[in-house]
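Letters are used for the chains, namely A, B, C, D, E and F, taken in the order the chains are written, and counting of residues starts over at 1 for each.
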Amino acid sequence: MMDGQIIQVINPNTSLAMTQTIAQAARAVAAPGTEILAVCPTDGVPSIEGHFDEAIAAIGVLEQVKAGREQGVSGHVIACFGDPGLLAARELARGPVVGIAEAAMHMATMVATRFSVVTTLPRTVIVARHLLRQYGFEHHCAALHAIDLPVLALEDSSGLAQQKVREYCIQAKRQDGSGAIVLGCGGMAMLARELTKELAMPVIDGVGAAVKMVESLVTLGLSTSKHGDLDYPVQKILSGQFARLN
Amino acid sequence: MMDGQIIQVINPNTSLAMTQTIAQAARAVAAPGTEILAVCPTDGVPSIEGHFDEAIAAIGVLEQVKAGREQGVSGHVIACFGDPGLLAARELARGPVVGIAEAAMHMATMVATRFSVVTTLPRTVIVARHLLRQYGFEHHCAALHAIDLPVLALEDSSGLAQQKVREYCIQAKRQDGSGAIVLGCGGMAMLARELTKELAMPVIDGVGAAVKMVESLVTLGLSTSKHGDLDYPVQKILSGQFARLN
Amino acid sequence: MMDGQIIQVINPNTSLAMTQTIAQAARAVAAPGTEILAVCPTDGVPSIEGHFDEAIAAIGVLEQVKAGREQGVSGHVIACFGDPGLLAARELARGPVVGIAEAAMHMATMVATRFSVVTTLPRTVIVARHLLRQYGFEHHCAALHAIDLPVLALEDSSGLAQQKVREYCIQAKRQDGSGAIVLGCGGMAMLARELTKELAMPVIDGVGAAVKMVESLVTLGLSTSKHGDLDYPVQKILSGQFARLN
Amino acid sequence: MMDGQIIQVINPNTSLAMTQTIAQAARAVAAPGTEILAVCPTDGVPSIEGHFDEAIAAIGVLEQVKAGREQGVSGHVIACFGDPGLLAARELARGPVVGIAEAAMHMATMVATRFSVVTTLPRTVIVARHLLRQYGFEHHCAALHAIDLPVLALEDSSGLAQQKVREYCIQAKRQDGSGAIVLGCGGMAMLARELTKELAMPVIDGVGAAVKMVESLVTLGLSTSKHGDLDYPVQKILSGQFARLN
Amino acid sequence: MMDGQIIQVINPNTSLAMTQTIAQAARAVAAPGTEILAVCPTDGVPSIEGHFDEAIAAIGVLEQVKAGREQGVSGHVIACFGDPGLLAARELARGPVVGIAEAAMHMATMVATRFSVVTTLPRTVIVARHLLRQYGFEHHCAALHAIDLPVLALEDSSGLAQQKVREYCIQAKRQDGSGAIVLGCGGMAMLARELTKELAMPVIDGVGAAVKMVESLVTLGLSTSKHGDLDYPVQKILSGQFARLN
Amino acid sequence: MMDGQIIQVINPNTSLAMTQTIAQAARAVAAPGTEILAVCPTDGVPSIEGHFDEAIAAIGVLEQVKAGREQGVSGHVIACFGDPGLLAARELARGPVVGIAEAAMHMATMVATRFSVVTTLPRTVIVARHLLRQYGFEHHCAALHAIDLPVLALEDSSGLAQQKVREYCIQAKRQDGSGAIVLGCGGMAMLARELTKELAMPVIDGVGAAVKMVESLVTLGLSTSKHGDLDYPVQKILSGQFARLN
C-alpha cells in the first residue's frame, strides 16, 4: 500500500553533517517501500537556536517544500525541533507536513501520561514551551531541560554533547515524575534507541516519529486540508529575493 | 523492519458484525508485513453509548489485552471512540496501546488547524468532550455533532445512518470553520475514504489511524512506559468473576 | 427534613477492614436521621492503586449502586479517592452519587485558596491529577505528595502509614503555600479530625465530606440529572458475567 | 452533632423583602438543630447589579460577618449571586463562609456534567463568568442567560420576573445541552424546587445550597483556614467611616 | 495632542508618605503636557495587604474616582498592586481607569517572554496570582516572590525593605528563567529605574506604567466602554455612609 | 522626556499605499517630540493573508529592524495584524518592539471586559486566534469576524471594504456581548476614530495603539530584555540571500 512513497525530510539549517544524521535516522525507520529524500537549504543558518534563526530557516523550508511538491513527493518532514515554518509549509504543500517536535510530543503522550524534554541551549526552551501550548500538551509535559551546549556540539567528534544528553535524561528519569523523554533536537536523533534501552523507558526522537507519521497519513489518504486556513497561499507576485517562491 | 508485527484490534463491544467492519478497516491500511488480529469480548455490551457501557466494556478490553499479551502481539488498538479502559490497558500491556478517538484526533491536528467531530447519540458527545480535554485538543475542536442514531444503526442494511453521517459532515464543512472531520464511532470506519473524496477535505476514521499509530510506535521501538504511572498493575489477587484477569 | 435518609457508602475495594474504617468515618458525621449502609463488592481488588485496579473496581461499584437503588437508598458515596466509576454510577443511579475525592476537593476550595493532596503510592498521583482537571481544580491545588506506601499499609497495626501521612502533612504545611490538605485515600479517613487540630489548618477526609454532600443534595431535592448525558443507560442486554447488571 | 449551629445568612443588599425571601429559603432546608440568622446591612445598595454595587455591598457583608463572629455564629452565607466580598469575609471570619453562586455551581457539577445559568440583567453575566473561572467551572457551564429584568422585579407582585425565569429555564433545557440549571439571583430562591419538578431536571438555588454547605463544613469540623492567605486581616487602625470594622 | 491631560493617580491606602512616593514616580514619566493629580482617601486602611484591606480600599477608590470625574480629569490610575476596585471604578468613570498591577504585567509581556513578580507579604501573593489569571498572564509569569515585610516597611528610613527587594530581584534573575521583573507594590515605584540598570534587565514599576497607559488611551480617544458590562452603575439610592457616592 | 524619540513603523508588506495609511495613523497619535519613520520592505509580499505570507514578510521585518537599529531608532512597530516575526524582531532589536495586534488587544482589555475582532479574509481568523492564545486573551475575546475581502480592498477607492468593516462592527456591537472592537488589519487604521464615535464604543486601531505603547516603553526606560530568551541572536554566518542580515 505504501509503494512509491517518497518522504522529503527537510533539515531547516544548512549543516550537511546534520542533514546526514537526520537522513540516517529517517531511513532507519522508513517502511521498505519508502524513499527518504533528505535535503537542506543552500541559503540560511548553520544551526537554529532561537526565533531569529527560525524565521530565516522558515524560508529555506518553504523553498524545499515547493521543490518537493514539484518533484511529487508524498509528504514532508520539518526536521528541526522548533518546527519552523510549519503552518506556512502546510499552506504550500499538497501532501502532509509534520514537524519533528510535533511528532515526538504526540507519540510521547501515547506511551506515557507525562513526558520530559531535553534540549540544547536554554534559549530554545521557550520555543518548546510555545509548541507545547500550540499542540495542546502543556499538561502532558512534566519538565524541560537544556544541556546548555549549542546545536552544533552534537556534530563534533568529542561526544561531549551526547554525554550531556545522556546525563540529563538520567536525571529527568529520577526527578521529573514523567514516563518518557523527548529529545529536543534533530541532531540527537541517533541517540534515542540506545537511551531507550539504557534507561528502560521511551526516549523519543522526532525525526523517526515524523517519518512514520507522514507515512501513516499518506497511507490513510490524509493530506493537508485545503478547505479553510491551510488552503494554498492566495496567489500574489512575490518580489526580489522571494521571486523563486512564485 | 515491520516484519512480524501482529496488531490486536479490540472491538470493546460484543457485536461480531462491527468487529468485522473494524477488521476490514484495519486491514485496508495495515502494512504488508502486519497481521491484524480482530477480537471482541464474549461478555459485555452489544454497543457502547455512555459511561455505564464504557465501564462494562473496559473489562472486556482488559481481558483481550491480557490474552493478546500472552499471544505475543506487538500492540493493541481499542476500537471504540470513547477509548474505554485506555489507561488501564496501558498498565496491563507490554506493547503500545492506542485508542481510535485518540489516534483520529491526533492525526486531525496534523492536517488542519481545527477539526469537527461527528458522532452517534447526543449522550456520547460528553465522552468526546472529556477526551478532547484529556488529550489536549479542546482548542483544536471547532464543534461536535451527533446524528442522533444509536451505534448499531450503522450495522443495519438501510444505509440511513450512513446517509446521516454524510449530511452532518457536509453541514460541518459549511458551518464549523474547521478543516477536517473526525468520525466518532468505530462503526463509521468504512465511510472515511469515500467522504474524504466527496467533501474534498480530510474525514478521519480512528480505526485506520490507530493501526498506523501502533505500527509506527512498534517500528520506532517505543512501547508503553513501564517507568511510573503506567507500570504493570501492582500484583494482587483478583477475586470472583475477575479471577481470569489474575 | 432529612428523616429516612439512607446513604449507601460503597468501598470499591474488597477489604472488609477498610469498609469498617469508612463506615465509622461516615457515621461520625452523618445527621441524626441518616442511616449509613456501608458495603463493598464481593468480587474485585483488595486495594486500588492505579487505572487497572480502578477499572475492576468500577464494576463492583455499579453492582452496589444497582443493589442500593433497588433497596431505595437516598444516595451513594464512592469511597475510593480515584472516584472509580463515578459517571457510570451516576447514569445507573436515581439519587445523587458523590466521590470522596470530588467531595474533599470541592470542600477544600471553600476553606482555603489553595490546597495540597497527600496520597499513598506515587502512581496514584496521576489519578488525582486527572481528577483535579476534570473537576476544575487544577489551579486550586498547590502540590501532590505520595507517602510511598501501599493502601493496605493503612490497615496494618504498626501505625507506620499514619505516621508518614502526618509527616507529609506537616511538610506540606511548611512548604506548599497552601491553606488546607486533602487526604488522598479512604483509608485515611479517621486521621482528618486529629490532624486538623494538630496542624491548626483544615485536613480533609473525603468520606465525611461526601456523606455530607449527598445528605445536602437529598435535602435540597437535587438528584442526578436524568436530562441528557447522565440519563439511565440505554437499555440493552448485558451478557455473561455482566448479566447481573441487567 | 449539628446541635446549636447558628448560620448567619447575609443578604448583601438592603432590601428587607428580599432578606425575608432568603430567610425562608434558608429555613426550608436547614437541619432541625440549625438556627438561621438572616440579616442585611443598614447602609448600602437596594439591589446588586454590577461591580460598583458589589464593591458597596462588600462593606455591608464585612460588617455583618464581624457582628456574626462576635455573636458566635457557626458560619456565614453570602446570599447574593456575585458572592461579593467572599475572600475578604473569609479573612475576617472564624467559621466557614460560603457564597450562593459558589455553592450552587459546586452542587450543579455533582448532578450534571454541564449546567446553565439564568440570571437577571445582562450586565451581571460578566460577574457570573468571572466566578466560573475563579471557582474552576468554566468548562462545566454550557451557557449563561439573562432575563433582562432588574433584581427587584423579583420582589414585585406581578409575577412577571418569575414567569421569565421559568421561560428561560425551559429554553435552556431545550437548547443548551446541559443537565442542570443554576438560578443566578438570591431573589429566585423560592422558585427552584417547583422548577425542578416542572422541568424534571435539577434547578438549583444557591441559598439552600450554601446553607447546607456551611452546615456540612461545620459538622466536619472544617473552618476557614487561618494558615496563609485567609488568615485574619493584619491588624491596623481603620479610619473614619470604616472605624466600626476595627 | 496630549495638552490638558489631567491624570488622577489614586493611592488606595491612607498613607500620605506613600502617596508622595507614587506622585513622584508618576510625574517622573508623565508627558510634558500632563498634570498628575495624586490623591488618597481620607477614610480607609493605612496599607493594603489582603482581601479585607482591598475591600475597604475599594470604597476610597470609588470616592476618588467620583471626585475626579466631577473635576473633569482625563483618566485614573489605581496605584495599589492588587488593583482594588478596578471594575467598579470603570463602571463609575467616564475616562479610562488602569491599575498598576495590570499595567506592569501588560508591559512585562512586551519586553520578555516570561516575567517574575516581587511583592511584600506572602499573603499578597494570592492576590497577584488571581490578577494573573484575570488578565490572562498565568502562562507569562515564571514565579512570584514575597520579601516578607509589610508594605509600610517601604516607607521607613532604614532602607531594609529596599535592600530585600533588590536581593529578591537578583535571585529571581538567577533562578526563574524569566526576562523581566514586575515590582509588586506601589511603594517600590522609585526602585525600578535603578534596578533596571543594576540588573541589566527590565524591572517594571506599575505606577509609571499605568500613567503612560492612561495617557496613551486618552490620546487614542479610547475610554472605558459604556456599552455593556462597564456601563455607569444602574441608578439607585445609596444609603447611610455610602450616600456620598450618590 | 520623550524628546528625540524616533519610532520605526514597519509595514511588513510591500504596498506603498498601505505604508502611507499606516504612517498617517501613526503620526496622528504620536507625541509632539516623536518622529515616525514609516518603512516597508523592498522584497516581499504585496499583502499578508496567511501563514505563508507571514513567513515571507518576517524577513522584511527583520531587515528593517536591523536597519532601524543601525539608524538608532528608539523602538519598532510591526504594522500587520498577525505581528509577523515579532519574537525574532525582539531578538534582533535593542529597543522595544510591539505588534499592532498585540497593542490593540492589550488596550481592548483595559476599556472592556470582552472585545470582538473584525478582520479581512476568513483565513486570517486562525492567525488572530493563535495570537489571542499567545498573548493570554482567549477569554477576553467574544468573537472574531471576517469581512471576506482581501487586505488590498482597503486600498481601492470604492469604499466597499470600509463599508463592510462598518457593517460588521455594527453587527458585532449588537450580537457579541462585547464592549470594544479591535480592527484586524493595519489598512483599517484610519477608520477607528470615526467608528468609535458612530458606535459609541471603543473601536481600536493597532497602529496607533502600538505607537503609544512603544513611546511609553521608551519613556519608562524599558527595552526588550536581553536576559534570556530574547537576547541577541547567537552569532553565526548567514549565507546567500540572508547575508544582508549578518
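A few comments on the model shown:
What we mean here is this: contacts are C-beta pairs under 8 Å (C-beta built on N, C-alpha and C of every residue); 3 or more make two chains touch, one makes a residue touch a chain.
Quantities reported herein were computed from a predicted structural model and do not represent experimental measurements.
Listing every chain that touches subunit C and subunit F alike gives A, B, D, E.
Two copies of one chain, subunit E and subunit F, touch each other, and the residues they use overlap strongly: the shared fraction of interface numbers exceeds half. Least-squares overlay of CA atoms from subunit C onto subunit D yields a rotation of 180° to the nearest 5. Note: centroid distance subunit B to subunit E, computed from Cα atoms, is 52 Å. Centre-to-centre spacing of subunit D and subunit E amounts to 30 Å, using the average Cα coordinate of each chain. Taking each chain's centre as the average of its CA atoms, subunit B and subunit F sit 44 Å apart. Separating the centre of subunit A from that of subunit B, both taken as means of CA atoms, is a distance of 27 Å. The set of subunit D residues that touch two or more partner chains comprises 87, 113-114, 122, 125-126, 133, 138-139, 177, 228-229.
Chain contacts here follow an irregular pattern that is not a line, a ring, a star or a complete set. This structure has the following touching chain pairs: A-B, A-C, A-E, A-F, B-C, B-D, B-F, C-D, C-E, D-E, D-F, E-F. Partner subunit F is touched in their complex by these residues of subunit A: 14, 42-47, 49-56, 58-59, 62, 85, 87-88, 90-92, 121-123, 125-126, 130, 133-134, 150, 228-229, 231, 233-234, 236-242, 245.
On subunit E, the positions that touch subunit A within their shared complex are 113-114, 139, 177. On subunit A, the positions that touch subunit B within their shared complex are 1-2, 29, 31-32, 87, 96, 98, 102, 106-107, 109-114, 135-140, 173, 177-180, 193, 196, 199-202, 204-205, 208-209, 212-213, 215-217, 219-230. Only residues 122, 125-126, 133, 138 of subunit F touch subunit B when the two sit together in their complex.
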